[in-house]
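Next come the structures, one after another.
Here chain A shows up in two complexes: once beside chain B, once beside chain C.
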Partner chain A sequence: MDLDIGIVIEYGPLILKGFRLTLIIVFFAILLGIPLGILMAVGRMSSKPYFRGPAVAVLEIFRNTPFMIQVFLLYYVLPFYGLRMPAEVVGVLALALYSSVYYAEIMRAGIAAVPRGQVESARAIGMSHVQALRNVVFPQMWPIVLPPVANQTMSLVKESSILATITVSEMTMSALIVQGITFRPFEAFIMITILYWVLNESIAFSVRRLEKRLQRRHSRQATTKAQDAAMAESLEAVRRMTR
Partner chain B sequence: MSTEHGSLSLRGIEKSFGEIQALRGIDLDVSPGEVVCIIGPSGCGKSTLLRTVNWLEPPDAGRVYINGEQIGETVDANGKTRPSTEREINKFRSQIGMLFQNYNVWPNMSVLENVVRPQIVVLRRSRAEAEEIALPLLDRVGLDDQVDKWPDALSGGQLQRVAIARVLAMDPIVMLLDEPTSSLDPELVGEVLAVLQELAKGGMTMIIVSHELGFAKSVADRIIFMDKGKIVEDGSPEQILYDPQSERLKQFLDMLIHV
Partner chain C sequence: MKFDFSYTIDAFPWLLDGALITIQVAFLSFGLSLILATVLTVVRSLEIKPINAVIAVYISFIRSTPVLIQIFLAYYVLPVVGIDLQAFTAGILAVTLNSAAFTTEILRGGLAAVPRGQFEAAHSMGLKPSTIWLKVVLPQAYIASIPPLVNEFTLVVKTTPLLAMITVVELMRRAQQIFSANYHPVEVLIGAFTIYFFICFVVSRASVVLEHRFAVRRA
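After this line comes the complex of A and B, so read on.
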């Protein structure tokens, strides 16, 4: 099948409109999902049952059911209980809740990776649990969780296409519309494939940059003269071998 | 029981972890300015004892008094006792300086920030005020040229001295030191001990869990030998080190000397 450039030109703007909505929905879902994930991670690790209980319940429900069913529950079932929200809002909420469960697991691992003594010294000096988290644990957790958080965010972007099923006119929906009008699935779906790729690749790229910056700062601190010497020595060895 | 500033009293402290009884009724009075060293075989409960004093491990039974004030229980306006709130316990903790074997300096902030941040967060001092307190303290522990460094660039001895400055900035009433030199390279032990010695001379009340018998002998006013969750012997360094009474202490000292 040859690419009909006319269709790309004619329906490109419609696809781009969908792209814009996808961007907006994803943005708010991340904005809501990451803090929610941190909250759930902390709640799950809490010794207090009234924190841990709800956190575990939400985690269990959202981790063990398909995303599409969660979307349907929020969009089709909640109105029976008098809660009717616009599809876009449901989309943001569903994506945020769904991802927050995975963010929570990542954050939990990240918090657990910070040595116990770090928290103990903060508590021993008089900080509350929350103050210790904010000043000592979270700053040390970020470099650890950054790569998996990026992964989860990219998967959030991909899951957003499911929102087409509840009439959110995001990017996948706009491609379906273009296909319906033109009967040309190739152009419609190749366009959004590229755009999804661009979006996720930009996320991956910025996170890689951020990661490098964090690493540079850390390695500058950690690098001792001995390490420099060892590095020079191994470089010299490589040079000798390749000569 | 003393209510003087810098006094510490323990009454009937008990603590169990599951089946294991770590502390079986500890009574201890430390007078202001006194330096008490706790020695004993590993697992004897000496670290646990320190950790119950500042409620990192709340004791199952017993009472802790600092300046005659009880930690963990508070007498309210009607004269009734109730368990202390988180906030009250945090306040107590800020008055008890604790040093750890692994220093536990925070790697996500500079040396200066390590000393400044807890003052701002816990004592609500302004940054300017906190820095004014931190800088002379860092000077006192010999780190005046390291204030802007990050912890990763420091040696173990320097890190422990950062931890000492960090604790001193909180104006502690007493200090608890949990094997402050045992993860240091031998050549770095001296610099930390010198700072601690100076603190002891300055009249700081200290309880030190340590294996440095030489240090214990030179700074401690009193040495306590613990075994199986109990205080077995309590006396002057001379008494404990040169004239042990119990069989267990004799064995313990023999073992240390032969190692």
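After this line comes the complex of A and C, so read on.
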């Protein structure tokens, strides 16, 4: 088995084009997924059953089904109701929906980590519930949820490969195309394997650095040991749910 | 077009047939992955530097590349090296190697839950290293990691539809075959979707039962 460098040079640009589309898709999926996740987290934590019920149902359904079948279903359901969209857009929507479930769990842990008393104080000085969330909870939540959000983003990068099954020409699809033209699976898949690996390891690397920086800052805040432990546990549970 | 439920019902027996393969693949891969992960955990605890470095690279590789690519590597690239596997075997191999990396990390957590003193106590009682692992440490490590292990199993189930890409006829592939014949993808996919949900939901609830069953032994 030998690496044919000619293929790497000739089809490298095609793979890189796929790489760019992967990045674009992931970017928009995050942009849509996080707000959706926050919305679901708030719904999930609501005391009103008509908010909580649907939120719980959606979370359970998405969490207990494979991403691939969600993608397929969305890809075929939308035209069924007369909505024709390019595969790339469907892909972004599917990724955003899928990841929002996990973002929701992360946000829930983040919101729960902000001491309850603060929300009550905010309500007591006349803020509405939404105002309390926006002005008091969210600013404190971001540094806490950043590491798990980045983790989830890594898994988003990996899941985006599945969009090749609905003809989105992202990185995996471009490797399949190169394989189809050259009949050389080795070169095609080695190229994208390395690109995915480098991309995700660099995300992981920056997360670890960020985590250290945030930990130092976090330790200066006045949180109790019990609070920290509870939060670490819930974030660990979220981390376990995805890969 | 109108949603016609009769297509779902017609497809259902065929889908269940595919679901059997899905369950078979999931159990085989997860069982093998559990064995491999246990071996890796024991080997890693010996702290032989070069071997641990290899394991670290393996885990990093698995964790930062998509499963789909790993499946393609097993099916398309291994034959280049002279290992020509059937789709089913290649699929099981890929899913096993993928899951084992995550299971190893889970077992590391479980191992941390076993107090160090127990190693020392077992050692001073004159137990052989193999006995210490099999009778003292591993059972406790497994019990401590039941919830993440069950969760890992549902993740394996959710990985199996990707094997449809390399022509393994499991639930997803079966669904694709049916709707490419009757042109009713939505109805057929809803059927498959429901089966997947049912499997994963039941398995994730099993975690509670298992924990309860083994909770006594921990005391």
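Operating definition for what follows: the second predicted complex is superposed on the first by the 201 of 243 C-alpha atoms of A that agree within 3 Å, B and C clash if a C-alpha of one lies under 4 Å from a C-alpha of the other, contacts with A are read in each partner's own complex, and residues count from 1 in each chain.
Assume a residue touches a chain if its C-beta (ideal position, glycine included) is under 8 Å from a C-beta of that chain, and two chains touch if they have at least 3 such contacts.
All values derive from a computational prediction rather than experimental measurement.
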Ask   = Given the superposition on chain A, are chain B and chain C in a clash or a fit?
value = fit
Chain B versus chain C as contact partner of A:139, first or second or both or neither = first
Task = Return first, second, both or neither, reflecting whether A:169 touches chain B, chain C, both chains, or no partner chain.
result = neither
Query = Just chain B (first), just chain C (second), both, or neither: which does A:118 touch?
reply = first
Query = Is A:128 in contact with chain B, with chain C, with both, or with neither (first, second, both, neither)?
reply = first
Query = Given the superposition on chain A, which partner contacts more residues in chain A: chain B or chain C?
reply = C
Message = Under the stated touch criterion, which partner chain does A:100 make contact with: chain B (first), chain C (second), both, or neither?
response = neither
Chain B and chain C, minimum CA distance [Å, superposed model] = 28
Request  = Find the residues of chain A that appear in the contact set with chain B and again in the contact set with chain C.
outcome  = none
Query = How about chain B: which of its residues touch chain A in the complex?
reply = 54, 56, 86-87, 90-98, 100, 102, 104-109, 117-118, 121-123, 150-153, 163, 166-167, 170
Key: Footprint of chain B on chain A - complex, ascending   = 115, 117-118, 120-129, 131, 135-136, 139-140, 218, 221-222, 224
Note = Within their complex, chain A touches chain C through residues 1, 60-61, 63-70, 72-73, 76-77, 80, 154, 157-162, 164-165, 172, 175, 179, 185-186, 189-190, 192-193, 196-197, 199-201, 204, 240-241, 243
Query = What residues of chain C sit close enough to touch chain A in their complex?
reply = 1, 3, 60-61, 63-69, 72-73, 76-77, 80-81, 102, 106, 147-148, 151, 154-155, 157-162, 164-165, 172, 175, 179, 185-186, 189-190, 192-193, 196-197, 200-201, 204
